[in-house]
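Consider the two complexes below, in which subunit A is the common component and subunit B and subunit C are the respective partners.
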Partner chain A sequence: MGVDKLFEIKSLSKSFIKGKTEVSIFSNLNMDINQGDFLAIMGPSGSGKTTLLNLIGGIDKPTQGTVLYRGRQYHDTTEAELSAWRAQHVGFVFQSFNLMPMLSAAGNVELPLLLRQLTRSQRREKVMAALELVGLVDRKGHKPNEMSGGQNQRVAVARAIVGDPDILLCDEPTGNLDRETATQVLDILRLLNQEFKKTIIMVTHDPLAAQYAKHRVELDKGMIVNKEVVVAKDAVVTQEATAIKEDTAGMSGELVAEKGVVT
Partner chain B sequence: MSMFIRQIGAITLMNLKTIPSRFWETLVILISIAVVIAVLQVFLAMNSGFSATVESSGSEDLAIILRNGSQSELNSSFTPEVVNILRNAPGIARMEGLPEISAELYVIVNGTKRAGGDKVNLPLRGIDLEGVALRDNLALLEGRMFTPGKNEIVVGQAAVKQFSGLDLNSEIKLGRNLWKVVGIFGGKGSVFDSELWADAKTVQSQFNRAGSVQLLRVRLENPGAISSIQTFIAEDDRLNAEVFTEAEYFKQQASGTADFLFYLGWPLAIIMALGTLAGSLNAMYSAVSQRAGDIATLRAIGFNGWAIFGATMLESVLYAIVGGLAGIVIAYYMVDGIVASTLGGRNFTQIVFDFTLSPTVILNGVGLAIAIGVLGGLLPALRAARLPITKAFNLNL
Partner chain C sequence: MNSFFLLLHNIARNKVRWFLNSFALIVAFFLFGFLGSFYSAFESGSELAANDRLIVMNKINFTQPLPYSYINKVDTMDGVKQLTHASWFGAYYLDPTDPLIGYAVDADTYLSVYDNYVLDDELLTNWQQTPVGMLVGRAMAERYGWLIGDKVAVSSNLFSHKSGGQDWEVLISGIYDGKDAQTDTDQLFLHYDYFAQTRTSGGNTIGWMVLNTENAKDNDAIMVAIDDRFENSAAETRTTTERQFNKAFVEQLGSIGLIITAVLSAVFFAILLVVGNSISMTVRERTREIGVLKALGFSRPQIFKLVLSEAMFLTLSSGTIGLALSYFALDAMGKIPQIQSIVPALLLTPSTVLQAVVYMLLLGGITGALPAYRAMSLNTVDALRRS
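For the complex of A and B:
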């Protein structure tokens, strides 16, 4: 029914060299992410959530396997091409905001626009629109250390969306926020997903955040142990993924995960 | 391309905004670059001032005749017979039938610096009034010319300023006898400004030089006439002499000292620059690792690694240029108006000159500063550009 696969993760393995031993984070991971999805990646600390997000965003390279973006391999292109691809298609929201401390809110939000052919006034306009969306127009001149965590995270969201990317990659976007501000940020993400048709991939271990997603996938010990389709905000259908080879296509048609192998 | 430059510009601005958090580190780098450049500037200013003084003293219309191979008038000597033969050489200008020629001798006498009281060698030139006439741009500024046959000297204005006991009307012991200062002469930045002049015959008798002279200075009929003198000398076996235009002669004389200043200044500056280079390399490395998280964020957003390289280089070069310009200004205030004297090349006598921060000198300083900036920035900038993004995030955590 015309659902486009945005990312296809195929037999993806990632390991790090620690001292003399190779430590596997995950191996043989398979998963499709469809356009327009709002996917929550969950799992305990150290399970490789951030690593997976970084791989999808092209700021890390697979040890083995591939990730396809709209059917194309992109990890083996040059650094410059990857940068250009990210500038065009990807917005990052980092767990610890990663705002430039010396720039104002507007200055931070403007950064991705510096990578576009835009005039100063066009940039200004877009910056104001993004700040408007996250409700921070009145803080445009404030530097990160003059704002609260929730405000900083909203600036980070504005920065991620200002260039109108198709994909938002969010790493624990509510990790540092209290409930109320977390809800504000999540509402913005839902708006972006539903109204602006952004594909959102969000790493979180916050159950509240997970309820905003359309799908959830749970990583543990290097494998996808659980995948769920979120039917409504508080009604969740759970399906064990550890029963390998089970046909998940019938259920969602959108999210396919297979058991990975820990080495 | 323009976007690439915009990236560099934006990143450089961000980097410069972090200076307050690395204020002292940055200041130390600026100061050390400033010191290096200031040292270089002082030496090169000496070199250029010295060369300018010596070169402006020489004329193309005058020729100097020395004994063959003597290299400077100090080692040269002519007997009266040889001088008489040379008087008849073709190519020498004549006035009222007489050749315009000055037979001069040159002795070293002791002097004392006004500042510090150091003993120095001063040149005392024995000269005829004809010889005085062969210095076109010199004039008597005070007092009168010496009287032939008397123990009287006239003193160059630079010598009066630098060395004690040479004031007008004072008496000074030179050799075994007292001499009276009867006049002060001067010309625009000339080597003669550092000399003492007296009557040639009196100097010959007071310093036991029985009739011999060291150098002939002649006016040429025209600047090309020097070849006639050369031919004349070559064809006469009794003459063992060589001839130069005055300009050429001074240039030769000065080259030793000028080279010395040049080849002392540059190595000294380069050795100091190496120290500074290590310092600025270190500072840039620490700046880059301090910003690793920011750099990674920019890269994740889509900034180009080479833009980060360019911005880091630009930052390093900007520091170097600011430090270098400060060094030039410091050097300017240090040497502006300072008159120095130094051993005048092969003559081992004092030549007085101004420091000159000429455009070439300044360009050399700016050039060295930029070189320090480029070399100091290169490796840190490469590290910044190639920083694996995920690693940088981990560093930041």
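For the complex of A and C:
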């Protein structure tokens, strides 16, 4: 069975002007990302990891080169079309969670659904499903400042997946978490990749996080210096996450978590 | 949650700032509703005055009398359709410190010229045929609990009664209503004949004449003709339209309109700067969140709408509260007799409300547009980097 190319990155260059000098972040970058992949992008600070993620997510534009999504160049479309594309296909998870402080967990998760033509009950159903998947139904009414960092990041993951996007773009998702909570978040990401067939592109410094990926790309000074297939380490999946996998096995791509046991 | 709740959450995130902004706007629109209505009520007399109604008064000023004989001379002039006359009675009831608006008029013609007083035909005839009859407006009758058939003694602070004292025994023979809310129903009318025959001074004089013309286009010529007719006589006349007369009367109290406009302009300008700055600050503080919304797929117009809606909601909600408060304040003030005698129809008019809504929208639009544009134009990557 052939593998579908989700993204084709061709001769991609990104630079910016600092004073009178043009600073190149990377140039002539080429890579493909397949559908269903879990890709970890690693590298030292300033190597262009986040910029690459932003370009893939359509919130930044390349200086040169193209990024194709399912064979279609999307950076040359209008900003409105790009926004609509992101709303439909992309979920973002940020290092510092970026939750709205005045909204509850449920309110934050619901945000992307405000862009859809859904009834209130339909939105609520999807929000509850997403919160259940990350094990935070009981925290639905809590605001970000009433939850731990790990819980906030799980809310951010729920917000990213509530609209059922194809792609999750995670920028250092475990960067602000301790080992235990980082593992919980990574387990959820792995579950989303393996069971819900989400393509995950994750920028990370964390070797543990990188072990969860199927492929690893290492950037340095704007160049890909290493590409490797990661040997799956199922041992790092917690028992709770395994339980979710069993419970949600056989579900369609639509996120309808029946039980949430990752805590 | 929906977009409206997102908007509410955004506005209410800094409750002190929200309260202060709302309070400033509430005060501004309270002042607008209150002062605007006060002024329009003050002016309503002149606005309501028909432009084809002319006033003939003594050239010196309107407190000086005219000879009674002028009535027939003017009535027979070309272009005069109907004529009546009135004299200031200087009325009060029981309390000399609480003056009333009261006139001695020609009962047979007065309501034909002033058609904005509504009175049943039977009651009109009753008043006209009762020499000591008094016609009072609804507001005054309710204030003193007067009913048709009541005998009361109204007093004058200008004239004395032949029998001694300053009281005139009258029989209330009619209570009139206004054709609209602005018509003054806080007045009383005595028969001129009864007044003239029983007063000790004033002789055979009247206060002023009021006339309707056949055609308003001829007003200028008629005014000139009347004044020419009495030129070089013992009592020269000055004829104006009633509207001009009322305006001149109001303007004696100073340029109220100019003062109110100046005060309100200063208030609104200050509010514009304060609220505008505050909304800009709110948006600056939320730069990162706006970046997140854009990353989630919110488009530029949606971001613009969200920020603009916050400003609009703030001005519309606070403005509505301010206007509502002015409505209650005007209602309460309008019931005070002393106020009623100056501004009889003190109420929040639809035109003031409409004007206020336009100002709310303008204020919301102006204070929200620039921050909304800035928010919309934010570069998503830069916004996400902002701490």
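Here is the rule we go by: the second predicted complex is superposed on the first by the 233 of 263 C-alpha atoms of A that agree within 3 Å, B and C clash if a C-alpha of one lies under 4 Å from a C-alpha of the other, contacts with A are read in each partner's own complex, and residues count from 1 in each chain.
Here is the rule we go by: contacts are C-beta pairs under 8 Å (C-beta built on N, C-alpha and C of every residue); 3 or more make two chains touch, one makes a residue touch a chain.
Everything numeric in this text was worked out from a predicted model, so none of it was measured.
Visitor: Kindly say whether there is room for both subunit B and subunit C on subunit A in the superposition, answering fit or clash.
Guide: Clash - subunit B and subunit C, as placed by superposing on subunit A, overlap.
Visitor: Under the stated touch criterion, which partner chain does A:Ala80 make contact with: subunit B (first), subunit C (second), both, or neither?
Guide: both
Visitor: Pick one for A:Asn54: touches subunit B only (first), subunit C only (second), both, or neither.
Guide: both
Visitor: Does subunit B (first) or subunit C (second) touch A:Phe92, or do both, or does neither?
Guide: Touch status of A:Phe92: both partners.
Visitor: Could you tell me if A:Gln117 is touching subunit B, subunit C, both of them or neither one (first, second, both, neither)?
Guide: first
Visitor: If we overlay the two complexes on their shared chain A, which of subunit B and subunit C does A:Met102 touch? Say first, second, both or neither.
Guide: The answer is both, since A:Met102 touches subunit B and subunit C.
Visitor: Which parts of subunit A are touched by subunit B and by subunit C alike?
Guide: 54, 57, 59-60, 79-80, 83-88, 90, 92, 94, 98, 100-103, 111-112, 114-115, 159.
Visitor: Considering only the defined contacts, which subunit B positions touch subunit A in the complex?
Guide: 3, 6-7, 10, 14, 17-18, 293-294, 296-306, 388-390, 393, 396-397
Visitor: Spell out the part of subunit A that touches subunit B in their complex, as residue ranges.
Guide: 51, 54, 57, 59-60, 79-80, 83-88, 90, 92, 94, 96, 98, 100-103, 111-112, 114-117, 159
Visitor: Spell out the part of subunit A that touches subunit C in their complex, as residue ranges.
Guide: Counting only subunit A, the residues touching subunit C are 54, 57, 59-60, 79-80, 83-88, 90, 92, 94, 98, 100-103, 106-107, 110-112, 114-115, 120, 123, 159.
Visitor: Give the list of subunit C residues in touch with subunit A in this complex.
Guide: Result: residues 1-3, 5-6, 9-10, 12-13, 288-289, 292-302, 380-381, 384 of subunit C touch subunit A.
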